[in-house]
Amino acid sequence: MNSRTAKKAIGGNSRLLDLHRTMLLIRATETALSKLFADGEIPGFIHLSLGQEAVAAGVCSALGPADTLATTHRGHGHVIARGIDLGGFFKELMGREGGQCKGRSGSMHVADMGLGILGANGIVGASVPLALGSALAHQTRATGGIAVAFFGDGAMAEGALHEALNMAALWSLPMIFVCENNGWSEFSPTARQFRGKLANIAGAFGIRHIHVDGNDAEATADAAREAADHARATGPVVLECMTTRFHGHFEGDPQKYRDSEEMAAMAAGDPVARSRARLIELGMAAADLDAIVSETEARVAAAVEASRADALPDFDATLADVYTPMGAH
Amino acid sequence: MADTRYIRAINKALADAMDADASVVLMGEDIADAGGSFKATRGLLDRFGPARVRDTPISEGAIVGAAVGAALGGLKPVVEIMFMDFVTLAMDALVNQAAKSRFMFGGQASVPMVVRLPHGGGLNAGPQHSQCLEAWFAHIPGLKVLCPATVEDAYSLLRAAIDDPDPVVFVENKALYAMAGDLPEEPARASIGKARIARQGSDVTLVTYGATLFNCLKAADALASDGISAEVVDLRSLQPWDKETVLGSVARTHRAVVAHEAVRSFGVGAEIAAVIGEEGFDDLDAPVGRVGAPFMPVPFARSLESRFIPDAAAIQAAVVASLA
Amino acid sequence: MNSRTAKKAIGGNSRLLDLHRTMLLIRATETALSKLFADGEIPGFIHLSLGQEAVAAGVCSALGPADTLATTHRGHGHVIARGIDLGGFFKELMGREGGQCKGRSGSMHVADMGLGILGANGIVGASVPLALGSALAHQTRATGGIAVAFFGDGAMAEGALHEALNMAALWSLPMIFVCENNGWSEFSPTARQFRGKLANIAGAFGIRHIHVDGNDAEATADAAREAADHARATGPVVLECMTTRFHGHFEGDPQKYRDSEEMAAMAAGDPVARSRARLIELGMAAADLDAIVSETEARVAAAVEASRADALPDFDATLADVYTPMGAH
Amino acid sequence: MADTRYIRAINKALADAMDADASVVLMGEDIADAGGSFKATRGLLDRFGPARVRDTPISEGAIVGAAVGAALGGLKPVVEIMFMDFVTLAMDALVNQAAKSRFMFGGQASVPMVVRLPHGGGLNAGPQHSQCLEAWFAHIPGLKVLCPATVEDAYSLLRAAIDDPDPVVFVENKALYAMAGDLPEEPARASIGKARIARQGSDVTLVTYGATLFNCLKAADALASDGISAEVVDLRSLQPWDKETVLGSVARTHRAVVAHEAVRSFGVGAEIAAVIGEEGFDDLDAPVGRVGAPFMPVPFARSLESRFIPDAAAIQAAVVASLA
């Protein structure tokens, strides 16, 4: 079924279908990554956002071309939702020359300046000041853009967030603080690490706080739109998205610390299953949705194949590119 | 205990120190329930309880700052910073508070604390999870800096660090954690500031520390088959460092190469080479060679990182150059 | 008049008289410092707490011998109220061998371990994690003590405070966060630098917040007692003391940035004048109070004289004391 | 403009750079209304407005982090950190973010930003307001590190730093702020990485940077009256640094002494001395001497600090030793 027919079938709710497609792409990408990692085809470590796709899809759906974002170690979903080239993405994670960052960065630092992606980040909390600075640039240069800082619930314990909340409030910066609250910091429940309530912390700085079910793609998209409007018109806003991390902190983490009840509950909340059910409810045929899954998986498989075939990065060229080459500016 | 892993030696040193001294407490992210990202603290929560093995929030600055306050208050905190790269968030606490308190307070108090910092590459962990920043700390009066290479040293130097009255930066190479080695039933107490001659030789002195020791030993093997006898000095302690042993060796070999995993420029090797050049000037028959990582962030891709980390061949080549 | 007669005269309110005496000592000390600094007898720079004496006197009046405190660049009042030896204090600030810290630290790092003073601090915000760690030691070692972190309103912008609030709440540490709110961060009103409300920030962490007129010595002492009781029995508490900085940020700062109205209002709020008036109201004779002033000033003058006469520190001994001497532990 | 003060040269460089390029913005604590603690930014708020001259809260970590984001967003931020000692709170932003972003992102973007760091003693500002930590930054691939000594260099190097596409750590010695010197109407554009021979000589090469330049020149004067001709090389740029000029000088003089105010051990001088020893080995008639502060925190008392900071006599003594 082509997408025109599909949109017709769901009675004009093409936005949900778009969100669903984005989520499927993240899901397929990370499912492939999980396997590639297990097979030793991905060096280092990777943190998957399986289960959190609706946050990425929802938030990025609210962004325009001038907008920017900085994200975390768990940033695949965000960069995919923002539209990163799938080939460049896989090549990066597989350490290839054609990688988005020429194989220098891997999963934790994927960036695409053309899309306003100021990088995933290996330092918990570091995305927040980066986005703050980007928002300052938007404001100073009057680009009309806003900046998004993605951060996890565990990052609330880093001073950087609190310093940035203050500065954003002080300067009325066009910025969304997106807390992707999956309840976990690595192997510990964040509740055992952080005693603050983000809504109240934001409130203490006079910053509006929006709370949303981050496993509901439409609700997240709505909230993100509201947040983006607020950021553009008024100033900073905190968007807290409640979500679930399906896999371990990193691939290979057996998650023995999570009880079976929680694991069982996850399936029920699966954002992809939820948007699929909703689309079917709206009249879309399961077969059509399955077809999108297959297409998406095929796209991913092709990207993986292309990555495997890609060359390894050149060491000397890499060494020569630590600083901006003379004459480049 | 033959075939003890390095990480297990760290674990045992922590456990034995806690047994021996009730004021020793551990703090760090996911070190209690989870036993640490690298499992250095596995089992210690059960054994010593949550007041002495404390999971902290992701707040490196406040954790290390609190360790200083706790040390002034009669505890001996041992802090785990998950990756050395994250100590960038705790530099004020370490450099302005821990290192200077004893001095600033006119000697009224010591600050007995240890900060464990896993450094080094080899895991393809990328530019923000692989750095070797020990040269920073060696430059700071008031800090001691250790970097054990062997399983036995991991144990005995950590015990020495915890016993030490002053703040110690304890650097562990992540790539060594899984390495097995011999840990004697009664390991000798190490003295901070004493190097060890890891291999005797007569033609050239290789000065090194941490994981690079093993590349030096490999290089020495290869050189031996070419008839070159390399002495290998494992510094173990970078601040203070054992000038006497190094200069004594150079006085016999007349040649030196300093090797480490950290970036070569402005690295620890610069100080060692400068001192050899200064105090061992008349002994030297060739310039002091230096081997270290090239001047770039640690790259992610396997193919890049494997070229980035100085290997035995690079050390061998430096020795050959020094003999040319 | 001896102190027994004085106490009788004020109908048993000996606490106020004690607070007043402490404030007079701080006032006399810092007035002398101001002059010594202008005369070039004090090297470096000094930050005076003239006008803030009631906070120091009030808070320290609530502390017991096991308690500890860490303070700021503006910490003279706190260490004096805690009972630091006046000779050692002056000698330190004048860079003498007999200084409390042997002339190595100066105004910004005065410490007295015997009194539980973990030092003034040159780094804004750094006192807070130090006190946090001290509180942790109290709790772990069951000393029964509490730890006090003094910090300024400007320090609220440092991430360290927020990290520490969380940890203190998480671990129910016996600790008072004393914000000495004088409205200024250096040469700027803190309102232009910090958009957060401390009461609400504390609240977001579930930490009790007590607000007090920090120029009212008795009220501050009462609030501090309440805070100390809470810290000892329950856990962390924030005590925010509203006060006024009379002098410039540092000595020599002409304060051109403050308007005449504010400067004029200062005298009215003078905590020392207020406690004096109250004591007179309670029946103490002005002459008796004047006599205390004279005694205090004489004590200070004697300390200054002794400092002038003291030797300069020995360089080689200083160099030999960076690390704990072998065998000392 | 003869008799321009160093601080005024900084001020003028900032103003001229802002005039020349609308993307240059300033950030720091009390830099706008108050014109900065050392008055480096005096008058700039009035001239360029609050959007380009921005007072920040006391949040060093977030300020420098924000500068990175702003630089990636098309601005050229110049951040003032009031005292170099406070950069301990911004090390993640500088070292993990600013320095590595271009590299990590595969060269997609540069990070044009400058962080101004006043260092050094002489003001009796004590252990947390006097440190010289530039060796840390010189060790970090991705950062450039400048330290101008003269009034003209203060101007031209700051202009060069602001124009540079990569992050620059700009180190100013506080004790020089009040020093007057010549600032030409049209100062030459400085090239980052080029040293200057501040005085020609033939018997020994003194390599230095920052305020210690003036002690070297004093020492050279004193040596001249003893018939010793010292050449003085002012590095100006520490990363990259001008090996060619230094080695060229040593090739003529055959002797070298490296001098700086920072603590000697593991300081910038170690790298310089190591390289001279390595690449200039055959030229050297004597060990490379090193002069730097002793291994202690900067003490407060006048009598202590004046002995702590290396003076002309110490440099002179090192030269004499190298000629012995």
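Letters are used for the chains, namely A, B, C and D, taken in the order the chains are written, and counting of residues starts over at 1 for each.
As a convention for this text, a contact is a pair of C-beta atoms (placed from the backbone, for glycine too) under 8 Å apart; a residue touches a chain by one contact, two chains touch by 3 or more.
Bear in mind that the values here come from a model prediction, so they are computed numbers and not experimental data.
A.B. asks: Report which of B-C and C-D is connected by more C-beta pairs in contact.
C.D. replies: Output for the comparison: B-C.
A.B. asks: From the centre of chain A, which other chain's Cα mean sits the farthest off?
C.D. replies: C
A.B. asks: Would you kindly tell me how far, in whole Å, the mean C-alpha position of chain D lies from that of chain A?
C.D. replies: That pair's centroid distance is 40 Å.
A.B. asks: Between chain C and chain D, tell me the centre distance in angstrom, where each centre is the average of that chain's C-alpha atoms.
C.D. replies: 37
A.B. asks: Quick one: report the Å distance separating chain A from chain C, using the average Cα coordinate of each chain.
C.D. replies: 47
A.B. asks: For chain A, jot down the residues that touch at least 2 other chains.
C.D. replies: In chain A, 99, 103-105, 109, 121-123, 157-160, 163, 166, 170, 192-194, 322 touch at least two other chains.
A.B. asks: Which chain D residues touch at least two other chains?
C.D. replies: If we look for residues of chain D contacting two or more partner chains, we find 56-57, 59, 61-62, 85-86, 88-89, 92, 96, 103-104, 126-128, 141-142, 295-297, 299.
A.B. asks: For the complex, which residues does chain C have touching chain D?
C.D. replies: Residues 43-45, 95-96, 99, 103-106, 108-109, 121-125, 154-155, 157-159, 185-188, 192-194, 257, 312-313, 315, 318-319, 322 of chain C touch chain D in their complex.
A.B. asks: For the complex, which residues does chain C have touching chain B?
C.D. replies: By the definition above, chain C touches chain B via 68, 70, 99-105, 109, 111-114, 118-119, 121-123, 126, 128-141, 143, 147, 159-160, 163-164, 166-167, 170-171, 321-324, 328-329.
A.B. asks: Across the complex, what residues on chain D touch chain A?
C.D. replies: Residue positions touching the partner: 23, 25, 51-52, 54, 56-57, 59, 61-75, 77, 92-93, 96-97, 101-110, 112, 141-142, 144, 165-166.
A.B. asks: Where on chain A does chain C make contact in their complex?
C.D. replies: 156-163, 165-166, 169-170, 192-197, 200-201, 203-206
A.B. asks: Quick check on the complex: what are the chain B residues that touch chain D?
C.D. replies: 61, 85-86, 88-89, 91-92, 95-96, 99-100, 103-104, 126-128, 133, 135-136, 138-142, 239, 262-263, 265-271, 273-274, 276-279, 281, 284, 286-290, 295-297, 299
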